[in-house]
Amino acid sequence: MFILVNLKAYPCDPIAVATAAKEVADESGVRIAVSPQAAHIERVAETGVETWAQHVSPNGYGSFTGSTLAEAVADAGAVGTLINHSENRRKLADIDASIQAAKNADLETCVCANNPRQTGAAAALGPDSVAVEPPELIGGDESVSSADPDIVENAVSAAAAVDESVDVYCGAGVSTGEDVVAAGELGAEGILLASGVAKADDPKEALEDLVSGL
Amino acid sequence: MFILVNLKAYPCDPIAVATAAKEVADESGVRIAVSPQAAHIERVAETGVETWAQHVSPNGYGSFTGSTLAEAVADAGAVGTLINHSENRRKLADIDASIQAAKNADLETCVCANNPRQTGAAAALGPDSVAVEPPELIGGDESVSSADPDIVENAVSAAAAVDESVDVYCGAGVSTGEDVVAAGELGAEGILLASGVAKADDPKEALEDLVSGL
Amino acid sequence: MFILVNLKAYPCDPIAVATAAKEVADESGVRIAVSPQAAHIERVAETGVETWAQHVSPNGYGSFTGSTLAEAVADAGAVGTLINHSENRRKLADIDASIQAAKNADLETCVCANNPRQTGAAAALGPDSVAVEPPELIGGDESVSSADPDIVENAVSAAAAVDESVDVYCGAGVSTGEDVVAAGELGAEGILLASGVAKADDPKEALEDLVSGL
Amino acid sequence: MFILVNLKAYPCDPIAVATAAKEVADESGVRIAVSPQAAHIERVAETGVETWAQHVSPNGYGSFTGSTLAEAVADAGAVGTLINHSENRRKLADIDASIQAAKNADLETCVCANNPRQTGAAAALGPDSVAVEPPELIGGDESVSSADPDIVENAVSAAAAVDESVDVYCGAGVSTGEDVVAAGELGAEGILLASGVAKADDPKEALEDLVSGL
């Protein structure tokens, strides 16, 4: 199970969360990554935690002012990237091109999707993983694995029907170790979460709870 | 074989093209449709030709000023719609929602895609058809079926691997009856074309040539 | 005072509203226009009511599939267009180009803006008018002229400081004749409204009330 | 005169350019800043050169995955930001909100514009400066100050008519000290340039030439 902590644009201390994530990953043996703002990637990566970008642009090197160049985030220390997060929806052609741009920079790719149909579509583009997150549950108190277990199972089926090598992650409302175990039982190979750790009084404690059932 | 004539924002007379298309469809028995500007749908549909919208928005009824409501284009006489044309690229989530919006209004759906990967992705969203059009060939002199036959065959395979019920159309550079026959031999069930008819001195003659080998 | 009834993507009968608007305009002498879906422009214009598009694209004739061509909506009967409605926000460069495209097609232009700063910015682009509509009041029960009178006065000042020839309209929550009079007293030369007429049981009665104080 | 070197997504060494810019600024007394990829801001700022972001998003802290948070780029060392570069055109409402977001993070703001009309519009939103860059000249061999001097003078007039406190910069094709002097004579208070320095064999030499006439 992979746990990816998305720091969004939260007013948290990215180094404090990264340090906690690195410690819990080392202590538990569970794979944990942190995805900060692009401007914080270098500082976060220096903690030793696995570091992901929140987005990369569909372009390679060139005249693309204001883009998030895959090679630049990789150079700063990122080893993976989210693409098409529900707060950052992208054109189909650009998701395709962003996956290719990320691969050229040796970044692992996770494309986000709203539902099982979009999960299948994203899987057809050849990313490493697809994360299904029903928008209505993001940031809420109830985990997708209990609120809408069918969506996770259907997303796993939809991805497998297109490309068996693409992992499915799930997100939205995940905040406890029980949620993580439940997601795994539905076929998810990873978890995306944000506020449950980034806004926790004690991020380390929150992460320890999340990995407790693994 | 289905022939869809996209009038884009060309300065052509939409009624003249529609009338020619209706006549050639009646005389040849080949299915031919015309896709005009939304503001011209009603007038084009009144000629009796099969009429398609160039786009529908991802919303149903509601507070969506400036949207292209599927129910409105259907009410004006459209029976199908393009979605995600290369000149009008859309977000993955919006393509998904536009397909659903079109289905709710009983419109047939054709999603456009740049390449075989995107063709598979589009097919996973459940449209009636996907049109593969390499952007670099659109508006050019060489037909996709001769310039890049692999892309058509690979798109047909990619769609079939995801959903066998989804037809594949091809476009970009198609202008002669030979191009149409070649596309059919590569597995395409339809042709998207634009300037070859819309900018022809005699649209009827151009259409007669296109269907001549069928 | 100009009253522009925006039908958005509402499930109303555009002909019924257009007919009512035409009658009230004729009976009262007040200028009233109706802005339907692009696919309904021709039918609405045939009632004789002044007809506006809800949007035009920043392009002229050409390869722009899915665009809303200014010349096409003008050809269907529109004489004006909204640009940059809060439900259809556009890039600064595209607002500029849409105004030019509309002028080329002899369409009157009204650019929408959220606040006085944006009203000044829109006025600098040379449209015929700017409509200030605080997004938080759109579709609500309280009129901008009573909920936030300063915003109307400040918008009028901001536009005048940039270009005195640009009229300011206001919208958001306007539903009664008193609201219209109040808006006029704050310096507005026109009113944008939608649900107050489009969703009224009796659109004619709603319009008669709106013009009653003029 | 202010010289802003935009590194876009070029495959240059941002530290080498930053170091050269710092040296030339110190030696000449001319204000020079460098605008790298967000992921490189911290490393560039550590050279001591004035560092700018290429873009900031229209949001403050919150659930905005993939955004470029003004507070994050400021925390990494940026003191200013471009907004609405021609390679990254933005909605009018978002330019307005990005300026406010940048101000909240104590970042200086420069909004880019295509022409004098858009320069006036941008000035109405209250940034510190507006940079006029005709898109057709960007990346070319001829300087805007010689190819189209009217556009610079008209942009200066348009901004002054709206808000005298807003400086006007110019860009597009500037590559020599003569171009810089010519731009200043037309009323520009700053220069945006990119390839002339970022792609130079010797960035320091290129910068020394640029400031040679000041």
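The letters A, B, C and D name the chains in turn, as written, and every chain counts its residues from 1.
We adopt the following convention: a residue touches a chain if its C-beta (ideal position, glycine included) is under 8 Å from a C-beta of that chain, and two chains touch if they have at least 3 such contacts.
What you see is a predicted model; the values in this text were computed from it and never measured.
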### Query
Touching chain A and chain D alike: which chains?
none
## Note on the structure
Rotating chain B so its CA atoms sit on chain C gives an angle in degrees, to the nearest 5, of 180
### Query
At the interface of chain A with chain B, does the proportion of residue numbers present on both copies reach over half, so same, or stay under half, so different?
same
### Query
What is the distance in Å between the mean C-alpha positions of chain B and chain C?
33
### Task
Please compute the C-alpha centroid of chain A, do the same for chain B, then give the distance between them in whole Å.
36
### Task
Find the geometric centre of each of chain B and chain D from their Cα atoms only, then give the gap between the two centres in Å, rounded to an integer.
43
### Query
In chain C, which residues are in touch with two or more of the other chains?
86
### Query
Name the touching chain pairs, would you?
A-B, A-D, B-C, C-D
#### Entry: Complex contacts: residues of chain B adjacent to chain A
84, 86, 89-96, 113-115, 117-118, 120-126, 158, 161-162
### Message
For the complex, give me every residue of chain B touching chain C.
### Response
6, 8-11, 37-43, 53-55, 57, 59-69, 71-73, 75-76, 78, 82, 85-88, 138-139, 194-195
